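Each structure below is given as C-alpha cells.
Shared chain: chain A. Partners: chain B in the first complex, chain C in the second.
Showing the complex of A and B:
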C-alpha cells in the first residue's frame, strides 16, 4: 500500500506537462538512435548527458531513461527491415525478424516487436515497482558459480531442442567460443590469439562486428545470388487491418512473452550480464519450449517476440542494481550512474530511503515512457515499411553502407571493417552449407562471461568442480541445463524406438 | 575573529587563483581547442572506483563548461588495463584521447609483455590519491584486525579475498597483508571494485580491500564493516576504524588517480588538458567529493608528475618481485 502511495506521488512528478514532453521527446530521439546501426542507447545517453544539467535531476533522469527505452524499441527496426542489428541488444531479433520481412511480413514483425517490447517493458516495471528492494538481495545471491550455471543453461537451450542439426550447432558454438577467447586474458592480462601481433585483436572480437558481418553482409551476398535471375521485390504493405491482426496474433503468445519478460528482467538485473545475453537466452528458451522449433530462424513471429520482450525487460532490470547497489548492469546504466553522482544523488542501498521523490518519479516515468514508445513506434511503422519498397539494387547498396558505418562507429577502427568483410564472406559460405549462425553469435556474447565466472569459481573453491552442483541456486540451473540436454535424446529414443520396431516385425 | 579573517583571506586567495586560472584558459582557448568530443579512456571496468571517478570528472567538466567539447568516457578494463594501455599506444599523436589511470598503469606493463613503456606517454595531471580499507561482511564474526588474522589462519588458506585482476592494486595490498601477518588467502579476481563489494555483501567472498568510495553505500546501509585503514591517519568517514600504522603495522598504500596523454600529442593540447584539470581541481564539487569519499586531493602535473610515475614504477617493480619471490618459496 505504501508502495502505491509512493508511486502515485511519482506519477504526480512524471505526468507534469514538462516531464511528459521530455518523455515524448526522449523516446522519439531514442527510437531513431536505436534504429541507426552503430548508434545505440549508450551513444544517445552520452550525447545528451551534458544537456541534463539545465533541468532538475528528476527531469534529467526521465529524459535519459526515455532515450534508453526508445533505443531499445528502435533497435528492432533495422534488425527486421535490413537484417542488420540496430543495436547490440537487437541481435537476436534479426534471427526471425529478417526472414519475416523477406516473406512480406515486415509490418507484422514490426508490430510484434513493438507490442512485445511494450509487454516486456511493462511487466518488468511492475516487477520493479513491487519488488525492487527484495530483488536486490536476489542479485546479491548471484556469485560466479551461479553466473556460470545460468550461462550454461543458455547454451543448452540452443543445442538441446533446436530444430537445427545438433552436430553443426555444437561446431558453431565451439567456433564462437574460440572467437570469444581472442584478446587479453581476463584474469592474467596476457594477450591470446592475436594472430602474430595485430593490435586490433587486443580488444577481442566484438559480437556486434560478427553479427553485422554474418547477418548484414552475408545476407546480402546470399540474396544477390538467389535473385540473380529474377530480381526479388519484397512486397511490403501495411494497413489498419494488419495492426488488428498483429495484436490478435500477439494475444496467442502470452507464454513466450511472459517467459521473456521474467527472464529478461532477471538476467538484466545481474551486474555482469545485461540486455544482449538476456535477449539471446529468451530466444533460445522460446525455441526450445516451442512445439515447432524447426520454424525458428525461418520467420517465426515468436522468435521476434521473445528477444524483444526480454531486451526491454532487461533494460529495466539493469536499472535495479544501479539504483539499489550502485553497480550498473549495462554500459548505458553506467552512464546514468555518472549523471546521478553529478546531481548529488548517491546510488546504493540508501537511495530508496533518502531520495524517494527521485526514485518514484523515475519508476513512474518508466510507465509513461513505455506507453509513449509503443504509440510512437506503431504510428511510424508505415513509414519504416515504406522504406522497404525501394528496389533491391538500391536497398542493397544502402545496407552495405550501413553495415560498414555500423561496424566502424563504435570502435572507430578500420580493423573492425575488415573483420566485417571477412565475417560476411564466412557467413555466406556457412549459410550455404546450412550451418546455423545464431549459436555462433550466442557463444561470442556469452563466452567471456562463462569463462570468467568458471575460473573465478574454481579459484575460490580451490579447484573443486563439484562447487557448481553443491550450491543450491547454481545446482538448480545446472540440473535444468542437463534436462534441456537430455530431453531431446529421450524424445529421439522414443520416436526412433517406435520407428525401428515397426520394420523389424 | 582571527579565524574568520584567515578564512576570508583564504577565500579571496582561492578566488584570485580561480580568476587567474580563468584568464589562463581564455588565453589558451585562442591557441588550441578540441575539435571533436574528447575520449576519456578508463583503465578499468564499469562501476569500480576508477570508473566512478572518471565519470564524476566528466560530469564536472561538462557542468562547469571546462572543455569546449563533450567528454566521452570509454571503459577498456580488459587484462588489468592492458587493453587501455595498448589502445593509447596505438593512438600515437591523437589530440582527443586522454586516459584515466590507476596503479595498474605501472604494474600491468611490468607484468605482461604488451609492448608498452609508460615513459612514452605524456603526463597531464594527478588529481588525487585514493585510500584502501580492509572490509568484511557486516554479518561476519570478524570485528578487529586480530579476529581477521585468526580467522584467516583458522581457514587453512581457504579464506577468500576478493579484488581486481591479479597484479593490480588490490592484490598488492593483499600480498602486503599476507606478508605482514604471515597468512595465506585465496585471491579471487573480479572485473571491478563494485563487483568485488557486491560479492562481499552477497557472501561469495570473505573480505576485500575496496577503496572507500566503492563500499561506502553498503557501509551506510549496514552491510559492510571496515576493519582497518591502510593510511597513516584515520579517515574522516570512518572515525572508529583504526589505521594499520596505529596498530603497529607498516602498511600504507595509495592509489593514484591521474590523467595521461598518448605519445606525440601536440604540446598545446597537453597544456589545454592540464589547465582543464587544474580548473577542475578547484571546483567546489570536486572538493566536496574528496572530503566525503576519503580521497586525498593532491594535484601534480608536468615533469614532476612524470618523475613521480617513474619513481612509483620502481617501487611497484620491487613489490612485484617480492610477490613472485613469495609465490615461488
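Showing the complex of A and C:
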C-alpha cells in the first residue's frame, strides 16, 4: 500500500509537463538510435550523456532511461526492415521478423514488436515496483563488507554465467578495475598510475571517456568494417486495419508474452546476462513449447513477440539492482549509474530515503515511457522506414563529431578526447578479438566502490580478512561468488574426455 | 586470426607490466599500521592477474592449429584506417585551428571525399553541424569549445550571446 502511495507521488513528478516532454523526447531519440543498425541503447546513452547537461540532473536521468527504453523498442525496427539487428539485443527478433517482412507482413511484424515490447515493459515495471522497496530495505543493512562481496559477486557472474571466453573476461574485469584506480588513491590521497606525471590523469579515467570511446568510436569503426554493402530496406505500410489485426493476434499470445516478461526481468537483473541472452532464451522457450515449432524461423509472429517482450523486460530488470543496490545489471545501466554519481545522486538504498521524489518520479516515468514508446513507435513507422534509408556515412560522421565534442564537454580537456580516440581504436580491436566489453565498462564504474569497501572493511576490522566471510550476508555473497568462479572449471573437468561435443548453446 | 590474437595478448601483457611498474610507486604490500593493503596494491595485483590471464590466452593460442580465417576484412580495413587517421588528425587540429574549423573539415572530408555524397548534403552538414554545436554548447550550456587561432573571430558572437 505504501508503495502505491509513493508511486502516486511519483506520477505527480513524472506527469509534470517538462518531464512528460523529456520522456517523449527521450523515447523518440531512443527509437531512432535503436533503429539504426549498429547503434543500441548502450551506444545511445554513451553518446547522449554529455548532451544531457542541458536539463537538471533528475530530468537527465529520466531522459537517459527514456532513451534506454526507446532504443529497446527501436532495435526491432531494423531487425524487421533490414534483417540486421538494430542492436545486439534484437538479434532474436530477426529470426522471424525478417521472414515476415519478406512475406509482405512487415507492418504486422512491427506492430507485434511494439505491442510485445509494451507488454514486456509494463509487466516488468510492475515487478520492478514490487521488488524495489524490499530490496532497498535489505540493502540498508549492507556495510562495506557486504558491498565488496556484492561487487565481487557481480563480477563473478561474468565468469560463471557469461558466454564469453573466461580468460578474456577476467582480463577485461581486471583492466577495468586497474583503470579505475588511476588518479588519487582513495585512502592516502597520493597520486598513482599517472603515467609519467601527465596532469590529465590526476582526475582519473572517467567512465564516460571509456564508454564514448568503446561504444561510440569503437562501435562505428566496427560497423564501418562490417557494412560493406548498403542493406535493402523493406517497405512497410501501416493501416488502422493492420493495427486492429495486430492487436487481435497479440491477444492470443499472453502465455508467450508473460513468460518472456518474467524470464527477461529476472535474467536482466544479472550483470553478466541481460537483454540479448534473455531474448534468445525466450525465443527458444516459445519455439519448444509451441504447438507448431516448425513454423518458427519462417515468419511466426510468436517468434517476434517472445524476444521483444524479453528484451524490454530485461532492460527494466537491469535497472532494479542499479537503483536499489548500486550494482548495475547491464552496461547501459552502468552508464546510468556513472551519470547519477556524476550528478550527485548516489544510487543505493539511501537514495530511496533521501531522494524519494526522484526515485519514484523515475520509476513512474518508466510507466509513462512505455506508453509513449508504443504510441510513438507505431505512429512514426513511416518515418523510420525513411530514416533507415539515410546513408550510413552521414550517421557515422555525426556520431564521430558527437563523440569528440561530447568527450570534451564534461571535463573541457583535450586529454580526454585523445583518450576517447585511443579507447575507441583499442575497443574496436579487442571486440574483434572476442574480448567482452561489458565487464570492462562495469569494472571501471564499480572499481572505486570495490576498492573503497575492501579497504574500509579491513581498516575497521584491523586487517582481519575473515571479516568478509564471518558476516552472514557478505559470507553468503562470497560463497555464491566462489561458486560462479568454480562453475566453469567444474564444467570443463566434467567435459574432460568428450571434448568433441559442441558446447550447448 | 591467431596471429592477431597473439599480438593482442602480448600487448595486454606488456600493458599489465607497465601498470605494475607504475603501481609500485606506492606500497603494494600489507600495511600493518592501518590494517589493509597499501595504495598500490589494488592496481599491482590486478595487473598481475591480467598479465597471467593474457599469458594463458597466448599459450592457448600457441597450442592451436593455425586457421585460415582473417582477422581483418582486407577490403574494409583501408576504410577503417582512413577514418581513424582522419579522426586523429581532427583531434590534433582542434587546439590549433579551433573546433569550428577542424570539425567542419572532418565532416567535409567524411561526407564528400570519403562518402562521395552530393554537394547539397555536404554543404548542409558542414555548415549545419558547427552552428548546432555553437548554439548547443556555447550558448545554452556555456561550455566553450577550443578555438585556437580563430578565437578573435568569435568576439562579436560572444558579445551578441553573453
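The rule we apply is simple: the second predicted complex is superposed on the first by the 274 of 505 C-alpha atoms of A that agree within 3 Å, B and C clash if a C-alpha of one lies under 4 Å from a C-alpha of the other, contacts with A are read in each partner's own complex, and residues count from 1 in each chain.
Here, contacts are C-beta pairs under 8 Å (C-beta built on N, C-alpha and C of every residue); 3 or more make two chains touch, one makes a residue touch a chain.
All values reported here derive from a predicted model rather than from experimental measurement.
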Between chain B and chain C, whom does A:46 touch in the aligned arrangement: first, second, both, or neither? first
With the two structures laid over each other on chain A, which partner does A:484 touch: chain B (first), chain C (second), both, or neither? neither
Going by the contact rule set out at the top, does A:144 touch chain B (first), chain C (second), both, or neither? first
Contact-wise, after the overlay, does A:459 reach chain B, chain C, both or neither (first, second, both, neither)? both
Quick check on the superposed pair: does A:335 touch chain B, chain C, both, or neither? Answer first, second, both or neither. first
For A:350, select first, second, both or neither according to whether it touches chain B, chain C, the two together, or no partner. first
I'd like to know which partner A:429 touches here: chain B for first, chain C for second, both or neither. second
Just chain B (first), just chain C (second), both, or neither: which does A:187 touch? both
Contacts for A:201 in the overlay, against chain B (first) and chain C (second): which applies, first, second, both or neither? neither
Intersected contact list for chain A, partners chain B and chain C 53, 185, 187-188, 190, 459, 462
List the residues on chain A that touch chain B in their complex, please. 46-47, 49-50, 53, 139-144, 183-191, 197, 199, 202-204, 271-272, 321, 325-328, 331, 334-335, 337-339, 341-342, 346-350, 452, 456, 459-460, 462
The residues of chain B that touch chain A in their complex are 46-47, 51-52, 55-56, 58-60, 62-63, 70, 72-73, 75-76, 78-83, 86-87, 90, 108, 111-112, 114-115, 158, 160, 165-167, 186-191, 194-195, 197-199, 201-205, 216-218, 220-221, 223, 285
Interfacial residue positions of chain A with respect to chain C in the complex: 51, 53-54, 165, 167-168, 170-171, 174-175, 177-178, 181, 185, 187-188, 190, 192-195, 217, 220-221, 224-226, 228, 391, 393-394, 396-398, 400-401, 404-405, 408-409, 412, 414, 417-418, 421, 424-425, 428-430, 432-433, 435, 451, 454-455, 458-459, 461-464
Which residues, counting only chain C, touch chain A once they are in their complex? 4-5, 8, 12, 15, 19, 22-23, 25-26, 30, 32, 34-40, 42-43, 46-47, 49-50, 53-54, 56-57, 60, 71-73, 75-77, 79-80, 83-84, 87-88, 90-91, 94-95, 99, 103, 106-107, 110-111, 114-115, 117, 121, 125, 129, 133, 136-137, 140-141, 143-146
